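Next, two complexes with subunit A in common: one pairs it with subunit B, the other with subunit C.
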Partner chain A sequence: MATTTVALSKPQRGGRWSPWLFALPALIVYVGFLVYPALSSLWFSLTDWDGLSATYNFVGLDNYLKMPSDPVVVTAVKNNLIWTVVTIAVPTVIGLLLAIALNGKVHGKPILRLIFYTPAVLPLVSIASIWGWLYNPQYGAINSFLRLIGLDGLATAWLGQDSTALWAVMVPAIWLRTGFPMLLYLAALQSIPNELYEAATVDGASKWQQFWNVTMPSLRPAHYIVLALSLIDSFKVFDMIYAMTYGGPGTSTQVMGTWMYFNVFQYYQAGYGTAIAVVITLVAIAVGIPYVRSQTKEAS
Partner chain B sequence: MSNFTRRGFLGLTSAAALGAGLSACTGGGTSTGGGATQAASNNLRLFTYEGEALLALLKEQVKKFDAQNGTTTTVDSLPGSGAAVYPDKLRTELLGGKGPDVWRIWGGQIGSPFAKAKQALDLSPYYSKYGWDSKINTTAIGGMTFDGVKSGVPFVSLGIGAWYNKSLFAKAGVSAPPKTYAELEALNDKLVAVGVTPCGLGGKYGWDIMRLFEYLLEHTAGPELHDKLLTGAESWDRPEVVEAFTLFKKWQDKKWVPEGALGLDPADIEPGYVQGKVAYTITGPWTEAAAILAAKKSPSGFGTFELPTDKSPARHSGFVEGYMINAKSGNADKAAALIDFLVQPATQKALQISASTVKGAEPDPKALPLSAEWAQKYGGNPFYTIQDQAFPKKQADQYFSVQSDLLQGSVKPDGAAKKMQEIVSAWAKS
Partner chain C sequence: MTLTAPIQVDVPLESAGPVKAPRTKRGLVMTLVLAVIALFWISPLALLVVTAVRPLADFIGNGPLSWPDQLTWSNFKDAWGIGNFATTYKNSAILALIKVPLGVLVSAMLGFALAKLRMKFRRTVMFTVFLGLTIPIYITIVPVFIMMRSAGATDSIFGLIGPYLAFGIPFEVLVLQSFFRQLPDEIIEAARVDGAGDWRVFFTMILPLSVPALVTVAILDAVATWNEFLFALILLNSDAHKTIPVGLLNFQGQFANNNTGLAAGILIAVVPILIAYTLLQRWIVGGLTAGSLKG
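Our next item is the complex of A and B:
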């Protein structure tokens, strides 16, 4: 087998610094817009700054220590966990099923792909408004439909009661988040060599056995990407909750992201709010590290 | 014994250095920097939250001021967000050192943080210079005075009352607005009997449906006690408050407010009285332009009344809005001149202010007949501070939470009164 050898020239004078010079513009942006604000937030989380005054006091870990006794933080963490499990599991499963269906011989495949992916590119505020109207207890399409088919008893104030509000917000979240795993799975499915299925067929494997023993193992990298990104995305949820319920009724749909916002921007408790932001970031990093490591391994 | 790796050691020493650095900062008084006073110039910037139509009027008037004073004033607006987002944007601008010279803001606990953080200038010298004390409603000035410092110039003093659809009242066989609380309840029953939801209010954000509760509290507690409750001078754990919460629940249970009101957006439900979906709502004179005229309906099909409290003096809920000057503005004198221009009666009329605090700028009955009628009938009545401005935002949200729990049945009226006392006393002590 022929090999090609590339002759590398000796580094030019001053070439030692060249990589740094090339990286410098990006590094300045990265440090200025990411590292510096992150370190500032970390610092403010150790103070009692109100977010408006010119002065503040250092309070050590007080902001972190008071979190467990804040009943809204307890509610928010619980809501985050429910949100994370549901909005990862359901869109992932539906996305996988849609991808499998669209990978087969289906008429109008491009149109169907477009339809399923469109919610993912719609502005979140529009989605929140549309679903807010659908959920309107008196005139909304959901309750009107339930009444039309005789299920009056199920018609309820979906966003107006603690017991249903969070679940009601999850429905549009699932609707808009299904397109992303579907696309990833579809791309992964198309990259599975057909020979594997032919060999499995020759060996007498049923369709179900082919799915479990050929398709699913081949989708492992895709599973990893979908799960890691969805997990990070789920834990920092903010927009849907803010736009649809504003954390209410009461504080029943508060999540860590919205509670951070309320404290920093509405309650003039920037120190406490940034402490919540730091906790969210640490959790997101903890979740993201295995993903980044796996990507780095693959790259090397 | 623990073994340290090189990386672990470096991590530990870095943490120790960080810790030492942080401990060195103890003792308080650390400064954010905040930015220096801006340079003087002829350029002014005004930040406000007017919608498109009224913003055009404001820009027109500001242009007149610029022509007279040789200034160039930029007007920026963040309409539609209400008090939920606008103060955040303003605060971010101020902290970034590029804050506006003049900004519009609500009074009470919404404007208060800007004054207390000394981001807003003490306007006492300008009150003397321009004689605002004698030109502007004294009660309204009180709404822009914080810790004894006049930090704002109020130009709008808005009263909250009932705005109703005459044809829906007629459908229920009612020809005149109620004069007593009992008549109001009877009206609600008649409306429900003909299939009309009486009062259109929404609970998303909390502040809209709160207008009903604060009215009920004024009805059960009366003016003196109500005011004391708002400052924490009297305990909320008392029969008058329990009765108000009981009535609040009654309004929901008897379907006098829309089904699922807690989850409704005020922007969707409030204009319902114009669309014929509800008989009335509890709102202020801005609704005439924003809901009735915007829907191209004739004001003659609608009416207003002060919610009957059965107490003396008769009061309604109200709040003020005004202008503040940036404490770091290099153009404070010109900014004050701009405010003085904006609060002239002629300018106020040109701006179509429906509830001006300025003497001689009463609403034009031809342009805004209902607002003029409201001002004439009830404008002189005293008002109590609307409750989302009476409390800081955090306490107001806790208050809305109690109301939400009560309407969902997870807390009883006496429990709600106790909970409110805990919230208010914790705030009063802080």
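Our next item is the complex of A and C:
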């Protein structure tokens, strides 16, 4: 038997099929419940299926061509862009500042770190509930606080009007997403050798110069990971908006994810809804590929 | 040293950093500034707790920012019943207990094949699996819904296991294979010389040596499973089968005017995660950083 000879001559290796026995359970589940459904969505996006009936027609790219003239898609794309920029930039900057502060001589670091990271582990729906409750126009703590400090004029129905709703939903998202960059930056800061700072001090560099010439360059890998993961994450936004505003008031907080959901499950336009999901997925994959490649390359 | 990487990353965080400031004055000022920010940061949760333990009349009479005149547990009792928490807790717990060990096991097996076995098309498999990190859940919901409906698995928490496993695998494999790769080949070679096959190496050497990484991944996976919303929203319709996130959404509507009851309900939903996180935070912290701070 060929396999036996191979095994005998190279005892340090398993059989040729052995790796696949280890890999298959995960791969079957992954392909069956992620890859295959994602690919079959490509097919559904080319049909006029309503999501219920047994029959549907192939309509080619009609669903995709319809999108630019759908005013809600235009709003959703705009909201997705605003959401992405803000929920990446703000948590990253706050996270970095917190990490730098926590990396200094500060008392009670473990408890501070715990507090800043806590929102990141809460269920998204409960974060949405907490903030919906805080935003309550009459009994919400936010308006009460504004009245308390004499800014009565600012108190408003934050989630109930077009001009403020999207920004109001972004606040909890920032609250939730600051912890992760903070932790990563903190770990990265710990690994910068002290000698670099000592050398810079000897050379007469100010704290500010040290930050720009020693700290920031050393944090480059951390910046990369934080930005890559945030970008991938931000594009997928769904839960927070669905649970807080349901895309409203009107369509003012719709994003591609929620608009997809409404088309499929409320308006019975599964083909069109799926096409919307395909577009956002392609963008998410495109921005994610450099990160995925870096993780694959590093392995070999 | 590499064997315990996921925890060890965490350890230096406790110690002093590289900034050389006189410990006394500047440290105190910084501590004070951070404490104020932290207080502000945690205030939504603090308010939630305070509101949950006061009577509704007290809350309405004195406003949300006042100190309660009276304390009560009745909000929790009301919320527990109306929110159907006995059921949703049970469903979420069963789901996590089945899904998490299963997910960690199959991910560890794939991670072992990728990290330590000579596998053909290894790079292709890795790339395909890691690509899953970028794919939004909602691209799969229409086909998954159809699949589950034709299998008669909608409105059952068991129907969620497949999709949950699939979306957990990319991250778990990413972390575990990078951990396994750090384990020295020599010990595996030594076991092989003694006649151990791949399975024995996996179960008697790789898994026991990787307990820190396995625990980290399991915790993160449990949090993700506990919090998942979209699949649960779409696949479960009857109250008897809902998980905590979907149950919480319904519950919100029923408490439109009962602010204290709502606060108690949210707290009930959040407490297990908060306790677990507080107890296990050093593992989570270490796992996150070890899993992603490479390359």
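The criterion applied here is as follows: the second predicted complex is superposed on the first by the 273 of 300 C-alpha atoms of A that agree within 3 Å, B and C clash if a C-alpha of one lies under 4 Å from a C-alpha of the other, contacts with A are read in each partner's own complex, and residues count from 1 in each chain.
Quick note on the criterion: a contact is a pair of C-beta atoms (placed from the backbone, for glycine too) under 8 Å apart; a residue touches a chain by one contact, two chains touch by 3 or more.
Here the structure is a predicted model, which means the values were calculated and not measured.
J.: Using the overlay on subunit A, decide if subunit B and subunit C clash or can fit next to each other.
T.: Superposition result for subunit B and subunit C: clash.
J.: Tell me which partner A:Phe265 touches in the superposition: subunit B (first), subunit C (second), both or neither.
T.: A:Phe265 sits against subunit B and subunit C alike.
J.: Per the contact definition in the header, classify A:Pro19: touching subunit B only (first), subunit C only (second), both, or neither.
T.: A:Pro19: touches subunit C, not subunit B.
J.: Quick check on the superposed pair: does A:Gly51 touch subunit B, subunit C, both, or neither? Answer first, second, both or neither.
T.: In the superposed model, A:Gly51 contacts both subunit B and subunit C.
J.: Scan A:Thr274 for contacts with subunit B and subunit C and give back first, second, both or neither.
T.: In the superposition, A:Thr274 contacts subunit C only.
J.: With the two structures laid over each other on chain A, which partner does A:Thr245 touch: subunit B (first), subunit C (second), both, or neither?
T.: First partner only, subunit B.
J.: With both structures superposed, pick whichever of subunit B and subunit C touches the larger number of subunit A residues.
T.: Counted on subunit A, the partner with more touching residues turns out to be C.
J.: Considering only the contact definition stated at the top, list the common interface residues of subunit A for subunit B and subunit C.
T.: 51, 132-133, 136, 139, 265
J.: Show which residues of subunit A lie in contact with subunit C when the two form their complex.
T.: 11-15, 18-20, 22-23, 25-27, 29-30, 32-38, 40-41, 44, 51, 98, 101-110, 112-119, 121-126, 129-134, 136, 139-141, 144-145, 148, 175, 180, 183-184, 186-194, 197, 201, 221-222, 225, 229, 232, 235-236, 238-239, 242-243, 257, 260-261, 264-265, 270, 273-274, 277-278, 280-281, 284-285, 287-289, 291-300
J.: If you look only at subunit A, which of its residues touch subunit B in the complex?
T.: Interface residues on the subunit A side: 43, 46-47, 49-58, 60, 132-133, 135-139, 156-162, 165, 245-246, 248-252, 262, 265-269.
J.: Any idea which subunit C residues touch subunit A in the complex?
T.: 9, 12-14, 16-23, 26-28, 30-31, 33-35, 37-38, 41-42, 44-45, 47-48, 59-60, 63-65, 106-107, 109-110, 112-115, 117-120, 122-123, 125-144, 147, 162-163, 165-167, 169-170, 173-174, 177-178, 181, 189, 192-193, 197-198, 202, 223, 226-227, 229-230, 234, 244-246, 248-249, 252, 259, 262-263, 266, 269-270, 273-274, 277-278, 281, 284-285, 288-289, 292-295
J.: So in the complex, which bits of subunit B are touching subunit A?
T.: Subunit B residues touching subunit A: 22, 25-34, 84, 88, 91, 94-95, 113-114, 116-119, 197, 203-206, 258-265, 268, 277, 392-394, 397, 400-402, 404-405, 408, 410.
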